[in-house]
Structure formats: C-alpha cells, structure tokens
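Two complexes, one shared chain (subunit A), two partners (subunit B, subunit C).
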Partner chain A sequence: MQKLSMEKLDELFRKMSEKQAVYLPVDKENGAKFEKWSEGTKMSQALNTIRSAKDFIFPQTENLVDFKVNGKNIEVADTREECEDFVIFGMKACDARSFGILDKVFLSEPVDTYYKNRREHGVLVTLACTKPSETCFCQTFGINPAEPEGDVSTWIADGEMYFEANTEKGKTFIESISDMLEDCGTEKVDAQKAKINEIMRKLPLNNLKTDAFGGDKLNELFNSPKWAELSESCLGCGTCTFVCPTCQCYDIKDFDCGNGVKRFRCWDSCMYSDFTRMAHGNSRNSQLERFRQRFMHKLVYFPANNDGEFGCVGCGRCLAKCPISMNIVKVMKALEG
Partner chain B sequence: MQGRMIEMAKKLLGDGTVNRVIGWKKGEFAYDITPAVFENAEEIDADFVYDDFCGHNLSKYLIKESKKDGKMLVFLKPCDTYSFNQLIKEHRINRENVYIVGIPCEGKASAETIKEKGISGITGISSDGDNFKVNTIYGDETVAKSDVLEERCTVCKSKKHVVYDELIGEDGEVNENSSRFDMVAKLENMTADERYAFWRNELSKCIRCNACRNVCPACSCENCVFDNPNSGVSNKAAVTSFEENMFHIIRAFHVAGRCTDCGECSRVCPQNIPLHLLNRKFIKDINELYGDYQAGEESEGRTPLTTYTKEDCEPSIVNERGCK
Partner chain C sequence: MTNETLIPKIGVVTDIRIDTPDVKTFRVVTPDGKKAFDHMPGQCAMLSIPGVGEAMFSITSSPTNTEYMEFSIKKCGCLTSWLHQMEVGQQITIRGPYGNNFPVETDLKGKDLLFIAGGIGLAPLRSVINYVRDKRENYGSIQIIYGSRSKDDLVDYDEIISEWMADEGIEVNLTIDREQEGWDGHVGFVPNYVKELNPDISKTVLICGPPIMIKFTLGALKELGFEETQVFTTMELRMKCGVGKCGRCNIGNKYVCKDGPVFRYDKLGELPDEY
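Then we have the complex of A and B:
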C-alpha cells in the first residue's frame, strides 16, 4: 500500500492529466457530476454522482455509422475514432461493479467494439465510501464499499489518500505516479474499513436479501398478483433507467440527412411505451408489463443468463430520484413477503 | 389531518359513495411516499399517510381512474384543485366519477433539499410544525421546515380550493402577493446573451427521462409527438446538443395558457432544472398582454390564447418586447 498527502492532490491530478484525461466527481448546483479535471477543479465530497459513471463507456447518444448516398452507390463511413486514454477517479464501489455487469452484456460475443474501445482506454480508480446513505444497499449484492473494486482502490483517512492496485492496468497506473507516493502500512486503512463495515450494519436496508430472486424463480415472480399494485402509479418516465448504472437497453435510430443516413445509438427505457413496438404492434401494452420487465430483468432474467449475478448494484439512485418513490427495494420487499 | 382523512375515506367507502380512494402510501423511509389506490378500510389502516412529504399532485391520475367503473375519492391540496379544474375544462376527466375532498396544505417539504444539507443515513423524520427533527445513523439533526420546502410552496399562489365536493378544515385565500414571478423578472432583465447562456446551462443537464412531461397534468396527449416515430421530431437520440432544448421549448409552448403552475415538473426533475421558470414566463406574459389569467381557476369559459379579440396584441409584440 502507498499513500499521498491530500494536500498534494492537485499536483497528482496535474501529473495524471499529462498522460490522459482525468475525470472526477465535481460539485455542481444540482449535485455532483463527473467532469474533466483542469487547473482549479476540486473533487466533490458527495457520496456519489447523480448520473452514474456508465456514461463513460455507454454514452446516452453515439453516432455509430454514416451512409452517404451518391447516385446508385452507398458509401459506408465508419465514424469511430480511437478513444483517448482516460482515468475515472473517485468512482464508488457500486459503480465499479456496474462496469462488470455492463461488460457481461457488451463484451460477450458478438463483442460491441464501440464499448470495448472505451472500456480498454479507461482506468478505474475507486474510492471507499465513508458516509453511505439510507438508500445504499450495495451489500445486498455482495459489494463492499470499504473495499471497492476497480483497477486501483483508494481510501481517504486523516488527510491522506491510500492507494492499492488490483489489476495489471492498475499497477501500471500506480507506477506512473509512484514518484509522488510513499510506501506505508495498512493500519489506517484497516481501521477505516472496520468503521465503514460498522456503518453498513446500521443502514436501514442492511437486511435486504436476494434469496427470493434468481433465474429459477421465473414463473412464480412473473405471475405474482403484486405487480398491479406496485406499478399502479408509475409514470412511465425513464428516470429510474437513465440514472441506473446497470440499465443497458438501447435503441438504434437512422436519421435521413438528405444525402444519406446517420445512424445513432441512444439509451432506451423499458418503461417507455414505444420500447417494444415492432412491425406487428407492441407486445407490452400496459405499464404493468413494462414495469414488471425492468425488475424481472434485474432480478430474474439477468441472473438466469449470467451465472446468478443480479442486474442491480444497490446504488440507490432510483430510490432517490423516482418521482413517485417506487423502486427495486419496494418491489423486492413486496415480492418476497 | 391524516386521522380525519382516514375517517372520511372509510366512511365514504363504507356507505358506498365511492368504491376506491386515491391518496398517498407510506414508504420504506420517512419521506419516500407513493401515490396509491386504496380499496378497503384494511388497506387504508395499513398504509395511508398524509404528511409533509405528500407533494405529489394526484389530479393527473384521474384521467385514467375516472374512466373506470364507480366513483373515486381523491384528496386534493389547493394547488392540485387547479390542475383538476383545468383537466375538466379540457374534457379529460369524468367529473361525475370523482368525489373530491379538499384538504388544507401548509407547504410540502423536499427530502432532496434536506439531503442537500449534507444530512444522510436518515432513519426517521418528525415534525413539531416549524422544524423537522431528522434521525440519522450519524446522529440527530434539526432543520427548519421553511428551509426545505418545495420551491412552489415557498411562493404558494393560493390556499383556496377551486373545486371540491367537501372540505376538511377552512378554505384559504388566493395569495395575491406571491413572489413567484421574481426570478422570471430577473431573467427578463438579463441581456439576450445572458439569458441564452442561463438556459443553455440549465437545459444541458437534461437527461431526457421525460419525468417532467409524464408528471405534468397539462401533458395529457394520448401519444406525445416526441414518442411518435412518425412525427419526425421524436428525438430519443439527440443529434445536436440543442435538440434537448427544443423539447423543453416546444413543451412550454404547448402547455402555455394551460399550465396552472403546479410545480410538479420542477419537483420531479432528477437534474433539478428550474423548469417552472419557462412556464411562469408564459404565465407572466399572458397576464401582461391579455390581462390577469390563472389557468384552472375556472372549469369552463374561453381562455386568452384560444379566444380572438380585436384588442389582442399584434405579433410584432415579439420583436418589441423580446429583442433587448
């Protein structure tokens, strides 16, 4: 383990920025947001960002390809550019795990090369959470905010930042800044981990369990009579899906620009009425069916296809942001009980 | 208040006046309340709640609910009654299928604003009227209710119920001195460039979740143009950064003269964009150009933007007022 005085943080960002773009959570009037570091940028102390870190690897809108029509010829233009190297600094444990979940979707065959390009160029530097909120339930999914995953994990204790590399990428990254770091013992970090674990035990959602869910529970959960009540006041907006670090559905849109077509990929939401519209019509006509899809996907279909891993990391964003305060925790509690 | 509402709901269910009740249901924490339909006394006893966090305007749910069989009891706060009335005017609600009980409101609090004060790990909230005592796993905190009200409640336009079948408590008055146009006036006094920068900054935060539109009682189209791929403007994929802005501009125009300023759009926006300012600009302009008008105050009659009179301002007004 190595450490750095917090007073030298600006210097560290400056040094890191020489080699790559550095993104970190920054306080804005409406909450924290990831922003590129430039001289004077201060790291936010907020627990987490409003938008998740998934924007870095799965942006809300991206241009996939252009088709240019010239008489009878169609020219296909690959609009991709090699992504620049970047670091996401100060990501939390929940968001770090969400990258693993998105990897299962985009990096399994056939590999999504747009995603892969971004993923390969990014280094994830995570930070342990010292003040989790009542809406946090990462521990339900086996995530420990005291030991966040990522290429490098960090902790802030008593005016110092502690670093530990977890991957080859992380080791290379630490080497690139090693002249600023000094070797140290793990006592301070161990004490902090113990403290965080104690806080986690006090959180109101500490006892939320996943036992009632998983790939083998399909029929009983799908047919539960409780969906009607759970979904009755859902607005069918996309807030829960768009703030969610693991929601991964997208739409592909072609725009006619007169002399060809620009093809875009954009986030979509299963909560939207046109999500499953196809040539023959729509297979999910009620909000009940759309609402059920979101939670069945996270709690049943995703684990069925991914060795039991659930499609939620317990970040609590949907708990905080749903206009009607309906969310995965209420769904889980209603369905299991 | 909650006790009297529960009593009334049970009575009206019991004597058959209504067959269901729409109200608010308590959540996991002290503040995460959900609008809900109750069908019997047991459900009401178990979960019905009315407290400082019941900000949700229930009027829009009645578009769907009033088409079902039987009568529904709805509890409406003063500002919610304006939305209800406006929907009656637009023929979107079957009035005879709704029994309205008007309830008083002293302003609703925002849990988000409490959290913005750095309060986290909330395990309970109690109120003594003026202050909240917030219990957290990190220790107890006290916050003044007036510091954590929803924006719309800090500038409440009316404590009067414009439509109801029955009231609990005394009816209030329209607040003629609401300062709700102060910020709009500030924006009007900016230069065009400053104003443009203000809105570009705010609207660039939008994630196009559509919560503002879906919660809005004035947005009651069966199929919004923005959801209709055949409309040519459904901009799920925003090709330029101005497209998101167009969504808001078009929406503001579409609800102009119909928006009652219920404030739900700003309440639900996950990015805390002050959307109400766009709508209030229209309301202020209508007041100035056509005479004072409050959407939702009446359930019938003609409205400034849908009635032609010879005194109406000329289109050139846009140039005269707009391009400072």
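Then we have the complex of A and C:
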C-alpha cells in the first residue's frame, strides 16, 4: 500500500493529466458530476455523482457508422477510432461493480467493439465511501463500499489518500505516479474500513434481502398481482433508467445530415411506450408491463442469464430521483412480502 | 479494429417479385454478385435503408440456394413502405445472420413434417420447406397447410403450384378465409382446416402466422392429440441490435433475436405470456 498527502492531490492530477485525460467528481449547482480535470478543478467530497459513471464506457449517444447515399448506391464508412487513454478517478464501489455488469452485456459474444474500445483505454481508480447514506443498499448485492473494485482502490483517512492496485492496468498506473507516493502500512486504512462497515450496519436498508428474487422465481414473480398497485403511479418518465448505472438498453437511429446519414446509438428506456412498438402492435402495451419489465430484468431475468448476479448495485440514485418516489427497494419489499 | 456486427454490408436488390397486393419478395446479393452470408432455415437478417430505418426480416430463401438470398416483406410500416417502392438495382444494407434456426439437422431429421402457415407467416417456413425439398432423403413425408385472407394474398402462389404441388410426397392444402370467384379450393380458417384434415399425430409441426392464428391452431392441434414438444414456431418482436444487447425483444429472460426466433412450444410455454 502507498499513500499521498491530500495537499498534493492537485499536483497528482496535474501529473496524471500529462499522460491522459483525468475525469473526477466535481461539485456543481445541482450536485456532483464527473468532469475532466484542468488547473483549479477540485475533487468533490459528495458521496456520489448525480449521474453514474456509465457515460464513460457507454455514452448517452454515439455514432456507430456513416453512410453516403448517392442515387441507388450506398457507401458504408466505418468511422471507429482507437480511443485515447483516460482515468476515471474517485468512482465509488457501486459504479465500479456496474461496469462488471455492463461487461456481461457488451463483452459477451458478439463483442460490442465501441464499448470494448473505451473499456480497454480507461483506468478505474475507485474511492471507498466515507459516508454511505440512507439511500445506499449496495451491501444487498454483495458490494462493500469499504473495498471498492476497480484497477486501483483508494481510501481517504486523516488527510491522506491511500492507494492499492488490483489489476495489471492498476499496477502500471501506480508505477506512473510512484515518485509521488510513499510506501506505508495498512493500519489507517483498516481502521477506515472498520468505520465504514460500522456505518453500513446502521443504515436503514441494511436488512434488504434478495432471497425472494432470482431466475428460478420467474413466472411466480411475473404473475404477482402486486405489479398493478406498484406501477399505478409510474409516469413513464424514464428518469430511473437514465440515472441507473446498469441500465443498458439502447436505440439505434439514423440522422440525415444532408450530405450523408449518421447511424447513432442512444440510451433508450423500457419505461417508454414506443420501446417495443412495432408496425403491427406492441408486446408491452401498458405501463404495468413496462414497469414490470424493468424490475424483472434487474431482479430475475439478468440473474437467470448471469449466474445469479443481479442487475442492480444499490447506488440509490433511482430512490433519490424518481418523481413519484417509487423505486426498486419498494418493489423488492412489496414482492417479497 | 475487429469486426463489428452493428456495421452492415451493402446488398443489391437484383429482383423484385410482387407476391400479393402488400407482399413483395426481394432478391439480394452483394455488389460483387455473391450471397452476403450463409444461414440456416429460420434465421434472420437486419435490412436497412440509411436514413429510413433498420429492421429484422426472416430469410425466406433456403440455405441450399448458394447464389442469393430472398426476403418476402409485407408492407406495414415506415421501412417496409420504403422497401416496397424500390426498383431493381437499389442498394440496401444487410447484416446477419441472427438467431437460432429450425432444427433441420437434429430434431426434424427423419421426421414426417407438417407445416402450417397463415399469410406472410409462410416466409420463414419457405426457407425450411425448400431446404427439406433439397435434402429430401433426410426427411419423411411433407404436408403443408397454408391459408390466407384471399387467393390474392397467398404468398409464393406460383412456386406452391408449380414446384411444391408437383413434388412427389408433398401434400399441399390451401385455404382462404372467404369464398372468392375463381377459387374452387377450400374455404375457411386455418385452425378449422387443420382439424378437418386430421393430420397424423406422429408428425412434427412447424407453424408461423398471425398470433391469433397460431393460438387457435395450437388449440386445434392439442385437440387432435399433438404434444407441445412436437410443435416449433418462430417469433417476432421489435429489435434494434439483433444480438441480445439493446434490451427490447425479450420474453422473460430469453431474447427472441438471440435465443429465438425459433422456439419449441413447450419451451415457449415456460416463459411469461408477454408477446
């Protein structure tokens, strides 16, 4: 383990930025947001960012391919480019796990090369949460905010930041900043972890369990009469899907630029009525069906296809942002009862 | 960079056949005149017109056709209306093949086969029918029950009359919904016709058509004594990626684009009723 005085953080970001873009949580009017570091940027002390870190590997919109149309003829232009190296600094344990979940979707065959490109060029430097809040329930999904995953894990304790590499990529990254770090013992970090775990035990959602969910409960849960009441007030706004670090559904659309066509991908939401609408009909006509799809996907379908891993990381963003205060915690509690 | 499935190839439309007032069959090859890729009966391809849209279509030609692919497309939305306006020589984009296939080399081998289709539902089955006709020695008897609204709405009518009906060992039973001048064949809905024909219950059934037709035909088959394990069907839901990632064509935890489109009926029955 190695450490750095928090007073030298600016110097560290400056050094890192010489080699690659560094993104870190920065305080904004409405909460923290990931931003590229430039001289004067300060790292936010907020528990988490309003939006998740998924934009870095799965951006809200991206071009897939270009076309030139000339009379009856079409030209296809592969515009993919090798991505530049970048660092995401200060990601939390929940977001780090969400990358593993997105990997299962995008890196399974056939590999999504747009995603893979960014994933390979990004170094994830995670930061242990010092003040998990009452909307946090990452522990429900086996995530420990005191031991965040990622290429490098960091902790802040007593005015110092502690670093530990978890992967080869992480080791290379630590080497690149090693002249700023000094070796140290793990005592301070161990004490910090104990403190975080103590907070976790006292959180109101500490007892939320997943026992009632998983692939083997598929039809039983799908046919539950409780979906009607749970979904009754859903506005179908899709906010939950957009702030969610694991929501991966996307749309593919064409934009005619006048001198060519750009085919792009953008986030979509299973909460929207046109998500499954076809010329001849819609397989999910009601908001009940769309609402049920979202939660069944995270709690039943995804684990059924991915060795029991749930499609939620307990970050609590949907709890904080839903305009009618409906969320996955309420759904889980209602369905298990 | 490695191959990306979302980046399509160019296809050229080399022939357009008008099947019915709202169905046309398009022949597609690459710009150098070859088949765009190999496939198995029941698999699909994403076709698009840049700037208009992209959608999944079943490949109606048989894999045994090594020269080109065919798609029978019903005009019913934005993209399909555009495709129907095309002239020979038009380029489109194509990517695939996607999905699983009818188990022609496993479960169907050596079996007596019963094909049941309604309307444009013949399109995916035509691929299997012609595959089986070309590898006749591997399969038992073939019976095809096909129905449409009217005589004019029977897809592939010429091929049915001049090729399928001319083949030895193939029984073709056509029906249309209502009486029509110039039609002396059977009149009535497919499910009832299946009951009337009373096919041998040892046959393996491949069925495709409008959901309501499939539902009632399945009921008829069960009445006759068929088991769900003998029946295969092919599904269609909205798709964007074709590879199980865009998240919309699932029925329960199965993606129609990747785990389907072909499902054995008992397996489909284990999934939630949401299609």
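The rule is simple: the second predicted complex is superposed on the first by the 331 of 337 C-alpha atoms of A that agree within 3 Å, B and C clash if a C-alpha of one lies under 4 Å from a C-alpha of the other, contacts with A are read in each partner's own complex, and residues count from 1 in each chain.
Basically, a residue touches a chain if its C-beta (ideal position, glycine included) is under 8 Å from a C-beta of that chain, and two chains touch if they have at least 3 such contacts.
In this text the structure is predicted, and so the values were computed from the model without any measurement.
Asker: Kindly classify A:251 by the partners it touches after superposition: subunit B alone (first), subunit C alone (second), both, or neither?
Answerer: both
Asker: After the superposition on A, what does A:142 contact: first (subunit B), second (subunit C), both or neither?
Answerer: neither
Asker: Where does A:275 make contact in the superposed view: on subunit B (first), on subunit C (second), on both, or on neither?
Answerer: After superposition on chain A, A:275 lies in contact with subunit C alone.
Asker: So, does A:47 touch the first partner subunit B, the second partner subunit C, both, or neither?
Answerer: The first partner, subunit B, only.
Asker: Quick check on the superposed pair: does A:80 touch subunit B, subunit C, both, or neither? Answer first, second, both or neither.
Answerer: Second partner only, subunit C.
Asker: For A:308, is the partner it touches subunit B (first), subunit C (second), both, or none of the two (neither)?
Answerer: After superposition on chain A, A:308 lies in contact with neither partner.
Asker: Go through the superposed model and pick first if A:321 touches only subunit B, second if only subunit C, both, or neither.
Answerer: first
Asker: So which bits of subunit A does subunit B touch that subunit C touches too?
Answerer: 251, 265, 268, 277
Asker: Would you tell me which residues of subunit C are touching subunit A in their complex?
Answerer: On the subunit C side, the touching residues are 1-10, 48, 50-54, 76-78, 80, 87, 89-93, 236-238, 240-241, 243-253, 270-272, 274-275.
Asker: So in the complex, which bits of subunit A are touching subunit B?
Answerer: Against subunit B, subunit A makes touches at 29-31, 47, 50-51, 60-61, 131-135, 199, 202-205, 229, 232-233, 235-239, 241-243, 251, 253, 255, 262, 264-266, 268-269, 272-274, 277, 319-321, 323-327, 329-330, 333.
Asker: Could you please specify the touching residues of subunit B with respect to subunit A in the complex?
Answerer: 27-29, 32-37, 56, 61, 112, 115-116, 120-123, 136-138, 205, 207-211, 213-215, 223, 227, 229, 236-239, 267-268, 270-273
Asker: Would you mind writing out the residues of subunit A in touch with subunit C in their complex?
Answerer: That would be residues 64-65, 67, 69, 72-76, 78, 80, 82, 105-106, 108, 110-114, 117, 215, 218-219, 222-223, 248-252, 254, 256, 261, 263, 265, 268, 270, 275-280, 283-284, 289, 293, 296-297, 300-302, 304-305 of subunit A.
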